[in-house]
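First subunit A sits with subunit B, and in the next complex the same chain sits with subunit C.
And then the complex of A and B:
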């Protein structure tokens, strides 16, 4: 692929003076440099800042070194644990409902039909809309006074609710919004997975006399198991990354009832102005997300596939 | 058995019926935003929802365009989106090419780390980014935002483009090399033309994120460098809760992503499913 070595020996390629061996490094250099400066350096910086008690508006030079105190404080900080608990509850409800709805709908509607592309276009719209706009739309719909949801519930005899002003109802509201936005995503990737299954296996199971339920439970679902796992992990990571919709919809309130971990970090840093302590909590978030990402990598690194040279 | 089911009219109608219901549920909130943007204040404040029939007004749009700093926000968003997309595609493309086509020490390390940093949460970046801006006394400048959006998008773009490069047969490049082309010529003359759709997908995803991103934009921009989502969120506090104007602003923000969706739905779905289905 590269220049023909002078003496026709493969070792010639390894000589440091052979410039062509350096070409790949020139190609990856800009991207790697930007990712190091814009992603890796900030993460290291978050570690570093977590050892200092730095408040917004003060000079970092004056910030006292506090060692591991932020981390020990975190262990007994009810607010941190509460936001983790909110995140896990949010993840549990949204992901299980989205997976259930998305997978069932995909199984029912997987057969190719005329006009499928129109429907698919519609289903990806919620994912393309800016999270800020999603938050604004649903804040309007859930509005206690003029919200459309209260109006239609009123028609079937349900009293108007102050959706975003009550802890349980606000939690329900963010779960509901997330389900609206993300169920189509699960639906689409599961359909893609089902349609990519080799038809011979499916035919064989039909010929063997498997009924509809057996066919789904013992043939189809096991075959798309890895897709389901990856979708699950991706959604779980999203739950830990999410904050924009909640920031607009509820701001984390009332109280801390809808304050997911990411939003908690943000509020800590820029609302209560404890930059150092917020960094310490974000170290915890990095650890969680990295573990989940490693899970996805273990499921199969697409950049290391077998077809590779 | 399968063909029977498809021809059974009951099944077909049930299938379409279910899809139509789902599509309406998906579309309803977006539609409500669009119509609310065209309602006057009396109609917005009215408790009984109006879906279709009313006298539309442009007063919300007029207010946004003339009183707000809409033109400024729009310009900022366009600049940030276009630059972040350009840089991501340029550098991400080169990197993906090297990972897919060449063998070098550290290749697997770079590939794995790229996938690992893809998920860095924006909340984790928030404080350090804020600190970096202070430390290196960077102004609240669009360049800072462009830089972070490029960094955030590179991992996904590299990974996506890597997959596209892998699909192109190596023989094409080998033939070009035999004909005496340099590596750069191979890249620009042979591969790029075949990579159009890959770059389109990566470009749409990058632009969408740069266009929609809110938290970093909120932190890293000043009064004159705000982007559209920050401007829209500002409507909540700036003017009380003026739903007509907010929804008009939301509609304007959603237009570009919506256009992408209608013109490139197939590519977007390919990008979304690539991770789960191929992996």
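And then the complex of A and C:
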């Protein structure tokens, strides 16, 4: 005799509904598996490695366990703090200028003016160039002896500058190159956001008498706030990951004037073969990026309104 | 029956003859083998590719070349040589890496091949290879672990090895009435005079890290300085070391614009393109100046010995060829190295625009290439201890000296405190790596 519950539905008949509840998890399983294999596992490995003094070319099993020595060394290593300071300065200047220029250009080119599509295409070209090529292009442009920049400065009577051999000029050079490469990223995101704005709201603000500035400051920018936050967050993470362009352009020099934290980690790991120590600094990098990202998300989480979808 | 016997005898004789013929070719056993060679993408090695093709044609051994920018080689080679079985059969290292490679057990000692009669060409004559090159590029052990000595063992054969000589613009010197400098005082005076005449004087490497340190080391040896004393105490703040750093600052101020960013490529290009009157670095500049694709100054270049100060002393550097411990085709790899560095191979390298490693090749070609006579005269001064090839050298070279010397050439800060600070950092590294353990132990006795 079949045991029928009080509501009258046999237990066995509930199974299809239970399984269907698992379907979403089934679909996200590959993504989660890839995340675990490609992201979480290396991070755990880096953390693990930071407790050992291992040099490439030797057996890891022979690497001595050093406990927290790399972390204590890192906290008192002036070179680490100097590279963090360089990274923060670099991030401040590049992100501020890129956000300003990217948003401004998007506002100028969103209207259907003549040739706008040509301008848009030209503006996003730097984004399509590989970072290594960007580094090489600008390295030769900034070259003190054969670079075009010094050549044209010479035509107007300005002495040649050692762009990549002077601490301040080299820092300017990496900031300038980054702005050249990444402003189009802000531009393209913002213009996409602007073009998706509902025309009724924009028209209503015009009917209400808003001038051009008010239209931008109090209507358009607030409406694309979440997009701006995403752009800011992505650029912030990129600043801490930036490596290739600086590696080719200046190698972190002169001295350590352009040695971003990521480049410092690379140099420690591969130039001086201190993999354990480099891993410890990588852990610090993850902590810094996470804290800054959380700070930005607290300012305005673009996913907040969609969390209960 | 007699006929059958004769047939059998004839067949045996033919087989024996064939076998004898087969044994007479030392390469036959390796016919069809493919070896993989890791070496730098530099003029000497690019020129060697023709010789590699000739090697394949003669021996039947195929060669795949993996050429990389020379400062990128080390990471790649270490990764390959760390695997249970690597892809590389031959690796070419910058001499400063040999100590690290051997200390990590990554290389095969060549003695095991030199005891094989079927592999070693009796006409090879290893004694003809410039001793400074052989010791610096190939011998590990001996005094300090990288110097010549009774306990040294051979791990590599120099190929693309070098010492330093002075190259100068004959036309500019004549025009300005400057005599070829023989001492550092004369060199300094010539640099000042050229600068005052609006001519960039001496080109040099100056990029942060390895490059600026290498440039300083060129001057340190003749000025009588060293990195360490005999008990591994750092002495980079000695009067000689500070004088070499002061000279570097003078180089940066009187040389072509942008020295602070120059690696070897940029420094040599400045000379070859006519933007500097002198080049005091590797002898490779001579072959480059003869190459019309690289040089605008061919025919106007003179060569002289590396100027002296307290003593004569020039660099010993460049590359050597060796066999990884995990190489899949070690014997074929040995035959390749032997072929490339043989007397005939060395002479062929000269014809292809490379640099010789043998004394006989230098002498035989001195009439055609004036720099060869200078090199042969310079080699006895080549100092195998001009930089310490210890496993910690990369950290010292890039992280400490490479930073301090950048400060020297990019600022007007007093030099002595910069070098004092570098000295302290060096001591800390040596302390960390246990170099003073014995001294401390003896002090406790």
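We take it that the second predicted complex is superposed on the first by the 241 of 309 C-alpha atoms of A that agree within 3 Å, B and C clash if a C-alpha of one lies under 4 Å from a C-alpha of the other, contacts with A are read in each partner's own complex, and residues count from 1 in each chain.
The criterion applied here is as follows: a contact is a pair of C-beta atoms (placed from the backbone, for glycine too) under 8 Å apart; a residue touches a chain by one contact, two chains touch by 3 or more.
On a predicted model such as this, the values are computed, not experimentally measured, just so you know.
Just to be sure I read the superposition right, which of the two partners does A:273 touch: subunit B = first, subunit C = second, or both, or neither?
second
In the superposed arrangement, does A:180 touch subunit B (first), subunit C (second), both or neither?
A:180 contacts subunit B only, not subunit C.
With the two structures laid over each other on chain A, which partner does A:58 touch: subunit B (first), subunit C (second), both, or neither?
second
Does the superposition put A:156 against subunit B (first), subunit C (second), both, or neither?
Touch status of A:156: no partner.
Return first, second, both or neither, reflecting whether A:75 touches subunit B, subunit C, both chains, or no partner chain.
neither
Of the two partner chains, subunit B (first) and subunit C (second), which one does A:256 touch, if any: first, second, both, or neither?
After superposing on A, A:256 lies in contact with subunit C but is clear of subunit B.
Looking at the overlay, what does A:294 touch: subunit B (first), subunit C (second), both, or neither?
Once the two structures are laid over each other on A, A:294 reaches subunit B alone.
Just subunit B (first), just subunit C (second), both, or neither: which does A:165 touch?
Touch status of A:165: second partner only.
In this superposed model, does subunit C or subunit B come into contact with more residues of subunit A?
Subunit A has more residues touched by B than by the other partner.
Overlap the subunit B and subunit C contact sets on subunit A and report the shared residues.
Dual-contact residues (subunit A): 143, 145, 270.
State the interface residues of subunit A toward subunit C in the complex, per the touch definition above.
Touch list, subunit A to subunit C: 55-58, 143-145, 150, 160, 162, 164-167, 250-256, 267, 270-274.
Hey, which residues of subunit C end up touching subunit A in the complex?
75, 78-79, 81-82, 100-101, 104, 106, 206-209, 256-261, 266, 270, 275, 394-395, 398-399, 403, 406-407, 410
Quick one: which bits of subunit B touch subunit A in the complex? Just the residue numbers, please.
For subunit B paired with subunit A, touching residues are 1-2, 5-6, 12, 15-16, 18-19, 22-23, 25-27, 29-30, 32-33, 36, 44-49, 87, 90-92, 94-95, 97-99, 102-104, 107-108, 110-112, 114-132, 134-135, 147-148, 150-152, 154-155, 158-159, 162-163, 166, 173-174, 177, 183, 208, 211-212, 214-215, 219, 229, 232-233, 236, 243, 246-247, 250, 253-254, 257-258, 260-262, 265-266, 268-269, 272-279.
Which subunit A residues qualify as touching subunit B in the complex?
1, 20-21, 23-25, 27-28, 30-32, 34-35, 37-43, 45-46, 49, 60, 105, 108-109, 111, 113, 115, 117, 119-133, 136-138, 140-141, 143, 145-146, 148, 151-152, 180, 184-185, 188-189, 192-193, 196, 206, 226-227, 230-231, 234, 237, 240-241, 243-244, 247-248, 261-263, 265-266, 269-270, 275, 278-279, 282, 285-286, 289-290, 292-294, 296-297, 299-305, 307, 309
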